[in-house]
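Order of writing sets the chain letters: A, B, C, D, E and F. Residues in each chain are counted from 1.
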Amino acid sequence: MKHVDEYRNGDTAQKLAATLAREVDPARDYRLMEFCGGHTHAIFRYGVQDLLPGNVKMIHGPGCPVCVLPISRIDQAIAYARRSDVILCSYGDMLRVPGSKFTSLMKAKAEGCDVRMVYSTLDALELAQNNPDKKIVFFAIGFETTTPPTAMAIKQAETMGLKNFFILSNHVLTPSAIQNILESPDVRALGSVPLDGFLGPAHVSVVIGSQPYEYFVEEFQRPVVISGFEPLDVMQSILMLVRQLNEGRAEVENQYLRAVTHMGNTKAKKLVAEIFELRRVFEWRGLGEVPYSGLRIKEEYAAFDAEVQIPVETPPARENKACECPAILRGMKKPTDCKLFGTHCTPENPMGSCMVSAEGACAAYYSYGRFREAV
Amino acid sequence: MSTRTAYTRSLDLKNGVVEMSHGGGGRAMSQLIEQLFGDAFANDILAQGNDQAAFELPRGKVVMSTDSFVISPLFFPGGNIGNLAVHGTVNDVALSGGQPLYLTAGFILEEGFPLKDLKTIVDSMAHAAHEAGVYIVTGDTKVVERGHGDGVYINTTGIGVITDDIHISGERARPGDKILINGYVGDHGVAIMSLREGLGFEASVQSDCASLNGLIGDMVKAVPDIHVMRDPTRGGLAATLNEIARQSGVGMMLNEPDIPIRDQVRGACEILGLDPLYVANEGKLLAICPEDQAETLLHAMQAHPLGKQAAIIGSVIEDANSFVQLKTGFGGTRVVDWIAGEQLPRIC
Amino acid sequence: MCLAMPSKVVDVLNDDMAIIELGGVKKTISLGLVEDVTPGDYVIVHVGYALSKIDEDEALKTIALFEEMTKNESVAP
Amino acid sequence: MSTRTAYTRSLDLKNGVVEMSHGGGGRAMSQLIEQLFGDAFANDILAQGNDQAAFELPRGKVVMSTDSFVISPLFFPGGNIGNLAVHGTVNDVALSGGQPLYLTAGFILEEGFPLKDLKTIVDSMAHAAHEAGVYIVTGDTKVVERGHGDGVYINTTGIGVITDDIHISGERARPGDKILINGYVGDHGVAIMSLREGLGFEASVQSDCASLNGLIGDMVKAVPDIHVMRDPTRGGLAATLNEIARQSGVGMMLNEPDIPIRDQVRGACEILGLDPLYVANEGKLLAICPEDQAETLLHAMQAHPLGKQAAIIGSVIEDANSFVQLKTGFGGTRVVDWIAGEQLPRIC
Amino acid sequence: MKHVDEYRNGDTAQKLAATLAREVDPARDYRLMEFCGGHTHAIFRYGVQDLLPGNVKMIHGPGCPVCVLPISRIDQAIAYARRSDVILCSYGDMLRVPGSKFTSLMKAKAEGCDVRMVYSTLDALELAQNNPDKKIVFFAIGFETTTPPTAMAIKQAETMGLKNFFILSNHVLTPSAIQNILESPDVRALGSVPLDGFLGPAHVSVVIGSQPYEYFVEEFQRPVVISGFEPLDVMQSILMLVRQLNEGRAEVENQYLRAVTHMGNTKAKKLVAEIFELRRVFEWRGLGEVPYSGLRIKEEYAAFDAEVQIPVETPPARENKACECPAILRGMKKPTDCKLFGTHCTPENPMGSCMVSAEGACAAYYSYGRFREAV
Amino acid sequence: MCLAMPSKVVDVLNDDMAIIELGGVKKTISLGLVEDVTPGDYVIVHVGYALSKIDEDEALKTIALFEEMTKNESVAP
């Protein structure tokens, strides 16, 4: 597989590991946050951590759109699913995410709700065409990468004249989240969670470009390297961060030059700007209410906005108080600090979102952490 | 039996569909059983026509296995639910190291299912049984109302015998043992997924479904002291190896580059965000044997048409936690845990 | 994490659709979010949409950089 | 097995439901199998934890039978699908005159089915198996999407052995032989119909479902030369006797007043326009034996709790057309043909 | 079972048989038609014919509302069933009756149509209540006995305010059919099918009373004995007919006095008259178009008339030309005269209505006739 | 043929409904088509509706008539 296999080469990995080992300053720690679950996944999947020097510490950020969705939004999706006139569809990732009271879309489906997994908004459009007597609600989630396909679907629904296609928008913005983390007292003032540098998202950056990171670098004086999601991309980017830190630089560097430009995909950005607008505030799991961090559908396209066309009421969401996801997502606690971890909360019966996707901090600890502790 | 005269009108295999009466215990059911199943599976034991089959078994320990098949779609590249139902149970019996001899077949038919398709499925079963050298000796047919089935569900239960020198069992993996597989991983699951609504991709991958009793016979002859054998079906390699690790109280260390995976299977998994180690197989077996006999076993496997791509993919290690680990081609190590629930295609 | 794979465009269809290929697997996707794609190009595909073309020159440069960065290392035997 | 630790959270048997993951091959499935099925059916062979069961069989001919159970409703007066699935297959094996020993159990669960109800069903199976003296030694669990099942379907396949002096088979009915039944006809079918939507009537009739291997053991001891035995399940007495008549190439003459039928069963059949001879039984057997041993057999049956109301209900006669006839209490004769399709309640 | 078992007593049957045997005139035949399938059923079920003298010949009339329904009406019911907005319900008897091209409601159900068997119109009303988003079409069939329950259901639907309950009326009138048979050239003029007397219907007469038969007796000079459906009722009624014939009488006699009065059930008759009116003509299978022999819903109740509210179009029905049902129903041919009998047409795959219900002449012959010929 | 069975009314309910009994089996039916039915009466039930009461006197007379008609016959042994 061209443009894939080259970046998974074990020999190159060993050489990069040797370079890294030689170049790190043994007198200090390098605490690097990969914001994005894609990097977390690559690190776990290929065992990248085994190749890093001991003082290079990867901190997993809140970079999974599934994990950052607050429980109330899941409840809302389930409320749509429970309507007999609605077919609720979403990406496979969302089906197991727990809402209030142990529910999930998967469980709603088991109870008889019409919930469909789709691979693409194209499939959701097809569902709408094939089920004219039902309302198709697409539970849209994702960062900047996934927003353009949703915007595109709205445009297409308009062209096709679909009257039964609705979007429940949960699209969120990466820069706001990174900024929020950097501005949190733990990071900024108290210094209890020192972060020395960032791996910048790969595919988010394909859309938004490298330009938006320049502000952070200036404002917070931490280096950012935009990195591809293949394991050699990650190792190379870590090396680039180490070099910046060693040299006292704080710049935006772009390791993923083969796909990320300075300004990103302007066509996609324009489309998103046409259809979506900023929410004044949006709730992130773990980060709380983050200003201007979420997108809603503009009034011109309100005909496709599920929240406008099919209002549902959900009782106030009850997060499980013992769930430490919020602290974990901000890098302040470890999964093993949670009382529910591995007893009440398991990948089969996740109580918090961090236990859901394989990249979730708790799920990863459940599988890999158990192993790390054992060896 | 001079019974054909009771059915003065023959089954409409062209346009007919399964009706509730085909399960009602009356003449319609009797005709379906006799003219569709009886004709396809014809053998002396089945022809006894009783509610049970009676037969002699060779000496040895008796081994029995059951599986229900509920696959969707019913027809897929490389097979259909009919031959799959034979392969699956033949394999589960044979994986004990024994010789599968007889199968039972229980059908749950959904009202409205085309008799033509049922005939295709039944003929495939008959063909697969013939090839595997087993006989379908008794059966059962139920019809459920439309909306309570999925065309056809099939249960097959198999019986066979093991000679006294064979002791293959899930708890016999020992540190130092080698782990072998007879070929490419994930073909079946990817072939099925390529047909799933919404996932639609195009791959020329065929299901690997096959009866492995011939291969297993050769393996057991070459290395009678195989410790464990099991087929990595649902949940794939990951689930099966975790099961065995748990049963034997050992760990495992796999070597990723040694695991045979087709490019198309890797490609499909990359697109869908899946891991081939969790994808189902229907013609694969995992064998665990003492290290010093691993090469002998490998050669025996490679000499058989269904083991040409056989490989040694890892070793059993000591591990009180029974973790299954994988040394990646990249140079790191990761845990291959069981999946939580089903593997779902994902976007992130 | 935004799962997206670099895939080769093997055929451009009507309505901004295309067939891409990865490891011998083919899939129909939308080119609605990108411009000037022709068969032979590699694109990054996410949830059924191409998000960008791969810049072959930059790809080669990145590979070269691996060499550059590790030129003094040798692989452990 | 030190495996319990793998499931840190126990099954929610109070509010939980079957989810797709319970059939996915992962840890959820493994837990369900171990904690629900494994605990209920616990025995040494099942505990081997392999995909197949291995065991020794006593000498003799081996007998094997399979049935899938798709009953609706799942719970009914006198039983549920769980014990029914055990009784049915125990009986089909035992009716050969053999001793049923081991069962397999294959479950097809519908997404959303309450685990609580599944537990009740599984416990009933375990209890029925214990009472019948058989072991459930291997199994299989599949989960189908909601709308593709009916709560639970169960396949059981049974195995047993017959001693060499027994030759019971459907083609051995001979003119002059007597036909016996072990009790009231139609109880099961009427108990089920009383719960069917739209038919709703109230009757205190319970399903007769029961394992008959004890009774059969006594019968075979008393009269080893029983010619035919079969249970009149779907299609009732009529279907079973027609089958046997056809297999043996004989006719039959029943005597209506000798057939034990409860008033309530007659009443329900009158209301619905049905004939009790076509109504299903699940704890009844028909036995055919030489005339001179009929009284001996009858007494052996009546001495067993499940044969108290046993009766000789007719004779085998010569008939090239293999008609089953009935001498009515009214004084006439009629043919008891197979039913065409299912028996439907009717108004005219 | 009181009022049941008394009429099934074998000892009394033998005595009645002996009386009959003694009283019949050996020099003549007694050709008696039981119009009603209920009598046919009793005769088969209890083996009554075994107890009759050889010269008493029972001729099975067209007295089964299932058998007399023309194929076009079945096609119509299936057309309703095939509509996705319709749940079609009917009595169990109708499900296997063949329409054109080998279809039936049972087969339509197997193909995915929503077809429900009901025991009573009460169940049909319940279906309508429980499925407010579907149209419930009740395929109503039957003689005078079954019409009042349909009328009652319409009244109840009106009271309950149901807007989704519709009747496809196929109710027919017994007297018109008997008259049609008696007026047919075969019976009246040609004398090829001589009929000496009639067993009058039991439960039809419960509703209409014995009075309507007086006209026939006068007009056609054949005795009629209204008879219960239990086997002793039938034997006693046959004896009463034999006595009338022996004595040269032609009167209406009522053997079923315990349930049938002179004027019948006036409450039921009034209800039917309120809701139904005569069709100018209705097609009977076997009898052709019979004037004033069927009932349709009056205009005041057209809201419940499926034919008015949900018009469906069905192509002209094609009866299988080789099917001899028409002649058989009029007593002119025997099932074995049909080329399809027992080869193409069997109870499992009936091609004509006479093969459907156990009382149908062809079905009876298939089971019992085979036996009669064999012994 | 109009299947209808004589059944005993065991309970009269609201809305013209009643519970009848036959051979120990009970069923809820409608009395909407008949008048003056009280528990203990026998009614002829067809498709869930009572069509008429059974006249007990006439029933006894019919039974008596059987005797009358056959008084000279004896049952074959």
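Methods note: a residue touches a chain if its C-beta (ideal position, glycine included) is under 8 Å from a C-beta of that chain, and two chains touch if they have at least 3 such contacts.
This one's a predicted model, so the numbers in the text were calculated from it and none came from an experiment.
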Which chain lies the greatest distance away from subunit C when centres are computed from Cα atoms alone? F
From the C-alpha centres, identify the chain that is farthest from subunit A. F
Of all chain pairs, the one with the highest number of C-beta contacts is B-D
Taking each chain's centre as its mean C-alpha position, how far apart are subunit D and subunit E in Å? 38
Subunit A and subunit D, separation of their C-alpha mean positions in angstrom: 55
Find the geometric centre of each of subunit A and subunit F from their Cα atoms only, then give the gap between the two centres in Å, rounded to an integer. 75
Whole-Å gap separating subunit C and subunit D, where each centre is the average of the chain's CA atoms: 61
Multi-partner residues of subunit F (at least 2 other chains): 1-3, 5, 22-23, 46-47
Multi-chain contact sites of subunit A, meaning residues that touch two or more partners: 1, 4, 14, 37-38, 64, 91, 106, 119, 123, 142, 146, 346-348
Where in subunit D do residues touch at least two different other chains? 19-21, 26-28, 263, 266-267, 270, 273, 340-341, 346-348
So the complete set of touching chain pairs is A-B, A-C, A-D, B-C, B-D, B-E, D-E, D-F, E-F
Considering only the defined contacts, which subunit F positions touch subunit E in the complex? 1-6, 8, 22-23, 29-30, 32-35, 42, 44, 46-49, 51-52, 54-56, 58-59, 61-63, 65-66, 69-70, 72-76
Touch list for subunit D against partner subunit F, complex: 194, 200-204, 262-268, 270-271, 273, 346-348
Under the definition above, what is the set of subunit E residues touching subunit D in their complex? 1, 4, 8-10, 13-14, 17, 37-38, 44-51, 64-66, 91-93, 95-96, 106, 116-119, 123, 142, 146, 231, 346-348, 350, 357, 363, 366-368, 370-371, 374
Note which residues of subunit B are touching subunit D in the complex, please. 1-3, 6, 19-21, 23-30, 48-57, 61-70, 92-93, 95-96, 98, 102, 104-108, 137-140, 142, 144, 147-150, 153, 155, 157, 159, 162, 169-171, 230-231, 233-236, 239, 243, 246-247, 249, 280, 338-343
Residue ranges of subunit D touching subunit A (in the complex, touch as defined): 8-9, 17-21, 26-28, 31, 111-112, 146
